[in-house]
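In what comes next, chain A is part of two complexes: it sits with chain B in the first one and with chain C in the second one.
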Partner chain A sequence: MRRALGPIDAATPFNAAPSASAAFSTSAALSANPPKKKGVVAKPAARTGRTLRLSKNTRTATARPPAPGERRALRKRVVLSNTNALEVRGLADLSTQNASRLREMGFEGQVLGLSNDSVDALRALEAFKATQGWSLFRRPASLIRRETVELAECMDGVAQQKHVERRMLFGERGGGKSVLQLQAMAMAYLRGWIVVHFPEAKAMTIAHEAYRPINSKDGSTAYIQPQYTARLLGNIAKANHGVLTHMRLSKPPELPVPVQSNISLLRFVELGAGDAELAWPVWRALLSELTTPSQEGTEGLQRPPLFLSMDGVDHAMRHSAYLDTAARPIHAHDLTLIRDFAAHLSGTSPLPNGGMVLAASSASTRPSTPTLDHVLARNEAAAYSPTYTTLLSNLHAHISALATAKDVDLSALHTLPSTPSTQIPATLLTQLKHLRTHLTSLARQNRSPADLLAALAAHAPKLPEWNPYLPLDSRVADCMASVTVQKVAGLSKAEARGMLEYYAQSGVLRQTVTEGLVGERWTISGGGVVGELEKAAVKARF
Partner chain B sequence: MPPSINSFAGVRALALRSRPTAAFRPAAGGLSRHYADERNGGGRLPQAQEGQSGPNMHQQEHVSEEDAKMKKVMGQEGPDIEGQGTPVQDILKQDAEARKNAPEVMKASVKSSQSAQNARPAAPAGMGGRRDFSTWTRRRMPDLTPQSFDSSSAPLDPAMIPSDDQRATYTGYTAEAQPPTPADMSIQEENKGHRFPLPALPLPPNSNHKYRYDPVVQQVTNLLMQDGKKAAAQRNMNVILSTLRTAPAPTYSPQRPLLPGAPPASHLPLHPVLYLTLAIDSIAPLLRIRSQRGAAGGGVALQIPLPLGLRQRRRTAFMWILDAASKRKSRGSGNDMFATRVAEELIAVVEGRSGVWEKRSAVHRLGTTARSNLTYSTRGRR
Partner chain C sequence: MCTSEPEVRMESECDHFRVNDFNLSTANVHPFPLAAMVFIFGVNFPESQLVSRSLKSFYGIGPNVCTKLMAKFHIHNTARIGTLGDRQIDSLAAELSTMTLENDLRRQLQDNIKRLRDMGTYRGRRHAMSLPVRGQKTRSQNMTARKLNRVERRG
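This part shows the complex of A and B:
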């Protein structure tokens, strides 16, 4: 819009008559009448498009169009039941009684259902996803795999010793990371823990939520997401309804509104869920309440262990899509919710009542996170390197006792798997294979045992190193430094058999489950990758 | 597996699978419908007219009958036809031409003076009565007879099993001199050299990876494909079948009879391929109308009904379904909406609500009207 350059009162209209006629005069007016405005002639609207306008070409709305948000709701709808599928007879539930005795009761490799109240809690936590195959079966059930049993045993240890298990799941697409996390959530819920789950880190970082800067105590600027926080609090209240009812505030919270001092934590969380303006202070107060040491004798001040989890963590380990006032991207760790989760994942914020922090990466729609990839590879290799060192020292003792190199026994190296597995990470497997080739060639040449020992010394385990010419995201590297990483790989054949038998009993797999079928589908699914197994058994061939 | 799955065994054996060919049946009504490929009345054998000879009635006589007739003409006594047939050895004795190509064992029996029933060559001296040729032949089918004929485990009466002496008398083999074991047989018995067992023959029809899907699924997937994007078409196929799987069981309409032999509606969702096949085959038209220009005279096209093959029928039916689905309105959003609409249309077809039924009956009605034009090509232009 153009603006007048001069001051407004100095501006004179160009068409102003020099002097208007007197208030009353009998002489005819000198000036011509102002030009008459032309009447608006109704012109036919310009034709749009190049199509002939016929009655059959015009669209007529026959039905009511979907309301705003209805289409999206249909797309994101999570269906947990298929009334056509057969009821699996004798399907046991994952329950309070068996959640800590999975191995003793022989449930490993079998499918266990989820009870109604755990389904409600998990649904409230948004743990079920529309892309998972829940809609094919009569009721939600999941395979108890080796990793599930290990997680259950880990939870038992946490409950007894009040320590914190910090772990990150990674692995290929469809490998069952999210479902393993869901099982962990279900088991934590059954144990009476408080479960807090961030269903999708991507939703928090792609700038689809309102955000606002706040000043932290250390002077840095952080960003809160009031509406998202309110929704998260609502989920927490719904999922942990039973536990939070019996707990009350231990100290008066810092809130802009007065709150009853002995209010139950459930009411308090619901207060934050109802008002986005209160959501952030309520979240802070809730987190500090849950991380205060439990007072066992006092009514309402007992604090159970805390289960914190986040899915799709890759999006939280990089710059977010939000911009600051100088239009620079905001690091995801500057978003307060992610910052709180990262503090618990890295261990800088303690959990005095014990608990588990379980992050899971996502392999579909995965952003590029070089630092996270490196740290995962390094931590995985570091976890295996003691085994590697033991292998080397055993070989060292064996070779030292030898007279000639021809007698060397390399059977420990010849039993290596051909592909990296859950046990042996890729980098160390390559090194071991090089060592095997080196030692074999030396033995064939009948070199002295001292040469073999020198070769052993040259093949000490080397952890992956960061390329120093690339910028390292130090916040991510620090956060992940001491986190246990766990690769979720394919199922074993016994587990795959349990899965296929469940499919057959549900009526969705119309074949007899034989050893041959299991082997075939296990191979087709890339070595028992669960998502691919489902595709191969239920979706591809009917 | 619970028994309720086993009850579907009958469903799987339904006649809803691909047939190799199709034939035209001009009387296309809604009352009695058959598959288009029931050529010559669905496999019934041709029958002779009353008082006339059929195609398989005057055949060449059996060699014994012929011989008996010849002997009768010559005034001699021929073979006994009523009692039993002529042994091959007797024929060989008389027929030098046939003897040339006869097996060694028969030649030997003809040469020797032994009776024909117990034909065994004369034992060469010092060989313990072994033949100088093998009578063993390889079995094509897996051996189903019991391998060891142990008298203790055999269900037969032990008195019926020959003793060792009897065996030596009949076969010429004593306990010391046993016949050589065929090499192939022993490998097959012990399964040596096969890491995995040999597959059962014949191989199932979907064992080839290029034909691993049901023929209907394969054809429909290709019809769903746009711009050569087969993976997208396969994903859409998956959505269609999953929708059929999870949707409530359809309710059949008595006005729109499906193919005869359709299973109960409650069985369909658990067998989505059958569901799809039933929907497509039920509305598949039997014919199409070809418009021959200028044939009717006066610039009017002549409508000539033409029979369709099985794949053509299915293609026409599914293209109608695709047309109807593209006119439906989506209620949701996302990649899977078109596939969902196709699945809804398929359900509508089975429930008799779809407008595709009108298309089918219109084509059939026109075919009935134009059936007099069937002979157009044979009678030539007027």
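This part shows the complex of A and C:
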């Protein structure tokens, strides 16, 4: 109605039938009022894209976009408790009393909880990860596996003899390397050690942290990361405050600001945590304080063993994403924090009060590290080669006593596993299988025992060798040369059973745990790989 | 009263979760006021802007030059303008002032083309005619050349 009564729109001559002016005259248009803007509803928006227009396809505007850092906080959030999960009756805690007696008390293959104070310490150290399944259970607990018990016994030895255990965990994704490291941290914390943990080497090497060059004592350039160091010191202070508060400085530190001479180490570390400019000298001084020999009689100068750990250490064993002034990549070992850790891992920096340096590789965010891979394979094979040699010498003794080759007993070789396991590394397993084939064929041909002995001699253990046509990262090779490497492979069936029973008691596995179920889930999970076991038993619904 | 209610609810929810402190990874997301500006080479940049983005906004600085510049002054990839120290900003500005950038670089480009044209070279003529310079065919497509190639080329 309103439109019909209004002035006739000269811009649309087809509607303007009773117009007095000629169709091509522009004077009416010029004298007319400017055309009114039409409402939005009058013209549908032009079709864009090829999607069908349905109400469910339109994107509704949310109230507000996420604030800076909000999505990251959500991604990094670690939830350690779930009120919907059942409380497991009689779940014992890993405690000061039982941490050194896990085997005697029969905890191997059982799940033990973590006490509140160790949870706080571990959370301060960022030992829990968002990708781990802590949020499925009432409170944090972990399986005490064979490797955990071995680590606990190793720690007992360290505490008694004040030696240093330098070890690197590796293995496939979801194998439990990080959780084993977490358990080691918890046990070190319960023993009253100082625990220093670098939660993710990747975060230190992908050039997301501020860095600055310094001249180190040997004349080379190293790079400090002031903000990261400050946050690391904050974590150390939070996690170790009970121990650090009773310790004081033994010598005046080299700091740009004056410090009270008998300041407690806790206050000293907090000083570095509060000021990024002081963080690096404070870290240096802290490390030198913790690595001075303990003075047992003097109050405040006793030094407990030190536990140093780093997760995702592959990223620290290659060039980092940082660039030097000529825009060449900086080796991760030139970053001072990683350099300090690597020095302790390789054993060039001693720990006079004993301790453990535990590195864990990461299989989910794995960069290409050919040198590290080679050194891991070589060290693993070297650790097994005495067993291999014993096996050969036993066979040698057996064959030497034989009259004919037909009587040879190869049962020791016939019991080899089909796939490489924690005990037998891949390279040596292949060699043993070749030996078995060779000896079997010789025995079948009824050759003389001397031929069998010659075959034995030809199959001495061969360690993996580096391809000389490829560049070797000598810093990584030197650092890892004498490190014990430990493959974290799948659980045994007994351990898998303990895990599944814990799932059932927590109410996340709603089946009776039988031998059949354990066997099935163990197989589905690639031979007891913990992460896969969790997927197979808890996250997947059959 | 109304404003206090959601806070109370938030706290009771938090009791159910034990949330990590995110101290190594999420601290200092925006520690600086967003309005503050930093003056580099004649341009005011907001403190929250990435250094790499700010540098690449200059004509004559692309990804490569930017990487080299940042490496020279030890600026990490995710650094924001506000986190740079005074010395870093000064030395960055001093370095930029020694480089041929923006209008100087554009003028250099135009001079090069003008020189070709003045000499009467084929390349100069092709530039002047807004046609492809390097032997491309012109039968069907030469939009890029028509858009860009001219004596007073904009950049």
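Everything below uses one rule, namely that the second predicted complex is superposed on the first by the 477 of 542 C-alpha atoms of A that agree within 3 Å, B and C clash if a C-alpha of one lies under 4 Å from a C-alpha of the other, contacts with A are read in each partner's own complex, and residues count from 1 in each chain.
We take it that a residue touches a chain if its C-beta (ideal position, glycine included) is under 8 Å from a C-beta of that chain, and two chains touch if they have at least 3 such contacts.
As the structure is a prediction and not an experimental result, all values here were calculated from the model.
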item	value
Side-by-side fit of chain B and chain C on chain A, or clash	fit
Per-residue contact with chain A, leading partner among chain C and chain B	C
Which superposed partner A:211 touches (first chain B, second chain C, both, neither)	second
Touched partner set for A:504, first chain B, second chain C, both or neither	first
First, second, both or neither for A:232, with chain B first and chain C second	second
A:539 touches, of chain B and chain C: first, second, both or neither?	first
First (chain B), second (chain C), both or neither touched by A:327	second
Partner chain(s) touched by A:79 [first = chain B, second = chain C, both, neither]	both
A:66 touches, of chain B and chain C: first, second, both or neither?	first
Gap in Å between nearest CA atoms once chain C and chain B share a frame through chain A	9
Shared chain A contacts, counted only where both chain B and chain C touch the same residue	72, 79, 83
Complex interface listing, chain B residues touching chain A	1-2, 4-5, 8, 12, 206, 212-214, 217, 238, 241-242, 245-249, 269-273, 329-334
Residue ranges of chain A touching chain B (in the complex, touch as defined)	62-63, 66, 70-72, 74-75, 79, 82-86, 89, 135-136, 504-505, 507-508, 510, 512, 539-542
Interface residues, chain A side, partner chain C - complex	68-69, 72-73, 76-81, 83, 119, 123-124, 126, 128, 130, 199-200, 203, 206-213, 223, 227-228, 231-232, 234-235, 321-327
Touch list for chain C against partner chain A, complex	16-30, 67-68, 70-72, 74, 76-79, 83
